[in-house]
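Note that subunit A is present in both complexes that follow, paired respectively with subunit B and with subunit C.
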Partner chain A sequence: MRGIILFARNNGYVDYVKIACASAGYARKNLSEFDEICLVTDSASADEHPELIKQYFDRTIISDNFQPENTRLFKDTANSPEYASFKNMGRSEVYELSPYEETLVIDCDYFIMSDTLDQVWGSENDFMINYQYRDIAGRHGGNVSYIDDFTIPMCWATVFFFRKSEFAENLFNLIIHIKYNYKYYYALYNCSGNLFRNDFAFAIALHMLNGNVSFKAPSLPIDYLNNSFDLDDIFRVNSANDVIMYCAKAETIEEHLLSRFTNTDLHIMNKRAIERNVDTMLELGETL
Partner chain B sequence: MSRGYIVIAQNNNEFDYLEMTYALALSLKATQRENAICVCVDEYTKGLVQDKHRKVFDHIVDIPWNDDAGADNWKIHNKWKYIHMSPFDETIILDSDMVFTHSVDHWWDYLATKDVWCCTNVKTFRGEDVVDDFYRKKFTELELPDVYSNFSYFKKTQPAYEFFRMVELIMTHWNVYYDKFLKGIGQNWMSADMAYALAIKLLDIEEVVCDYDIKDVPTFVHMKSHVQNIERTKIDNIWTKSIPSELSDNLEVRIGNFVQNLPVHYVQKEWMTQEKIATYEKAVL
Partner chain C sequence: MSNETINSSSEEQERLAKALDFSNTMQTFNLAKNNLKVKTQNLLSYSTNGGTFRVSQELIAFVNMAVTSGKSSLILLDKNDIPIQIDDTTKFLEDISSLYFEVINEYYNDYQKLRSSRKIEKVLEI
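Let's turn to the complex of A and B:
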């Protein structure tokens, strides 16, 4: 079985479950080689949109695991920054939770608008993730980030693939260990901030699992992530593979350039922008 | 065919190159099957050689034809004499401030395909290829071969003697060669790397003694601060002030959480402490 898994737990600020439904609709529309799309959520979040979930997901897994308090800053372009809780601790449990032999995990704010990720199915790699990213607005110059200037390269846990295997099992066990001891590993790897980040945990685990030597896990079929950071906005959604974005200028982030993206997977980090367009996205995506 | 490493150890007022070479020799004994080392010393340094050094140095050779370094603190002036000092048929040149971490024995047969093989690719502590020319502006400006004299390989053949003869001419007539070929931006002092690079260029043997396509043999981790792919303003000129590092009891060298598996050129002489030397001694002797 091949499945796509999305994690979504509402936090009273962002309706992650609704966004996940839109993202699932895009995945179903643009990919064809998978068997199921699965939502991992908690009981309270599932109760908010029972009908919508049935329309977009083949399977729902309820995981009410305790989520330690994790707070992050949410931005909607350069305006209205707000802090809200951020329930991202469940992702490391995906190896145990996944009922699939091959699993593609995507963030609920990752919109699959091409068929590229169909190439992951049947891969000989046990695990694939990207280390490079591109800022669609071009504000961030480099395409590789380090966890810290003096330590390891960061990978992006926004999208990753794994197959049930010894390597993947060990990897996720290690990620869980890092999650429960992340303050120690943050100190060891000079990680900035106090927010637990899956990106950091995955990068640290991959580094450790490979003997602490220079190493990069195999990349996904396109070896970088297209990131739209939260200073950007959505101008118009044309179809399930066509969106026009407001990209914040590097020099003056209050000003934007219009950029159109077609047949390009996109990580849209401005949740408010997605929420403003989510009904259109739900309509354009494919239901069961 | 004998194979071994050669190092010039000349102490100055500031640093104990003999002790650094001792640590290097111990690391060779700990990690390499081909671990013979020839240590070349001047009269002063020779007087500092102790029994512990003799135990791990396979050959101790006097630097011949006087000490060209004289009173200079940075003693690189004798680096044209390697071919005359080496007791081995095949030799790899090292600097004192290096340590070996894992076996590179398999490199020898590969290096032996050339008479002289100058290292042209070095790595950051993260294992990335060094691409920054911060310390090598003149190399870039004058399109000199991007060679590192340490970890150069040679065998005692006619082309190798010709190469070292050219290096000798450049080093002993530095001002002449500098004025004629090396004026411009960047350093104006003599370095072995620059002398080797100019010799290669003048002899037109870059394609013979260098191989830019092969990034992993020969190579080493070069710990000069500003080639580490870290923004200039974020790393101290002395890398040890910015990046944590350690030598573990099982002789694993870790720099910034990366276990090093290539030879490491640690550059900062104070990195090699008596404590680290004791760790090597405990493991090897």
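Let's turn to the complex of A and C:
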């Protein structure tokens, strides 16, 4: 079986479950080679939208594992930055939770607007993830970021694929170990900040799994992860594969340029922007 | 240093304002062009037999050479340098060629629309 898994736990600030439903609708509309779309959430979040979840997900897995408080800054363009809790520690458990032989994991703010990710199914690779990213507003030309100038390249755990295999099982065991000891590994790898980040944990685990020797996991069929950072906004959603974005200017981030994205998968980090458009996105996506 | 005052005529000021205003158009144009280029790169991806290939003129020319020299199957390195067996080279060539033409034609049409219009409202259909 081939499945797409989204994680969503509401935090009282962002309605992640509703956003995940919109993202699942987009995935169902633009991809066709999978068997199921599955939501992993907690019982409190699931109770907030039971009908919506039934419409967009083939399966729901309730995981009420305790998650330590992780607080991060949320921005809605350059205005109104706010701190809120952030429950991102569940995805390392995905290997155990996934009922699928092949699993594509996407963040709930990742919107699949092309059929390119259908190419992951049946891959030779046990695990695929992107190291290259770009900023849709062109502020960072970046190809590969490094955790630190003296350490290892960073990968983006926004989207990844794995097959049930010895490699993937060991990788996720390491990620769980890093999660519970992340302060030690942050010091060892010169990671910035105190916030636990899956991106760091995945990069460190991949490095350790290769005997602490430089290594890059195979890339997903998309060459770049297309990031729209939280300084950007959504101008208008035209269809499930067509959106017009306000892209913050490099020099003056309070000003924006308009750009249209068709047949391009987008990671939209401005959650408030998604929430302002989520009803339209739910309508445009495909339900069961 | 002298304290010279730069006096410009209203006509010069108008020209300057117009040139600076045009920078917005150029930024928008270049942003749209880059995003089209990246979209094209992502769409030029083809997967078969567990491998993923970046479809390029080089790949098409290489496979065409193999087909014309009578090779019905061959091993190719995919984008992650994994060797992948291609059982039917003719079909593979047809598939990657048609994907290439389809994606590049779309790129061409989008780019023509972009360069022929200086009005962003027209390009974005807003």
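The rule is short, and it goes like this: the second predicted complex is superposed on the first by the 288 of 288 C-alpha atoms of A that agree within 3 Å, B and C clash if a C-alpha of one lies under 4 Å from a C-alpha of the other, contacts with A are read in each partner's own complex, and residues count from 1 in each chain.
The definition used in the following text is that a residue touches a chain if its C-beta (ideal position, glycine included) is under 8 Å from a C-beta of that chain, and two chains touch if they have at least 3 such contacts.
Source: prediction; values computed, not measured.
In the superposition on chain A, A:R59 makes contact with neither subunit B nor subunit C. Shared-chain residue A:K164: touches no atom of subunit B or subunit C. Look at A:H207: by the touch rule set out above, it reaches subunit B but stays clear of subunit C. More residues of subunit A are in touch with C than with the other of subunit B and subunit C. Judged by the touch definition given at the top, the superposed model places A:I152 against subunit B, while subunit C stays out of reach. By the touch criterion stated above, A:L188 is placed in contact with subunit B alone, subunit C being left untouched. When the two structures are aligned on the shared chain, A:R134 is found in touch with subunit C, with no touch to subunit B. With both structures placed on the common chain, the touch criterion links A:H177 to neither subunit B nor subunit C. In the superposition on chain A, A:R276 makes contact with neither subunit B nor subunit C. By the touch criterion stated above, subunit C contacts subunit A in their complex at residues 24, 27-28, 30-32, 34-35, 38-39, 41-43, 45-47, 49-52, 54, 78-80, 82, 84, 120, 123-124, 126.
Across the complex, subunit A meets subunit C through its residues 114, 116, 119-120, 122-125, 134, 136-138, 218-219, 221-224, 226, 235-236, 244, 247, 249, 257-265.
Note for the complex: subunit A touches subunit B at residues 149-153, 188-189, 207, 211-214. The part of subunit B that touches subunit A in the complex is made up of residues 126-128, 230-231, 234-235, 242-244, 254, 256-259, 261.
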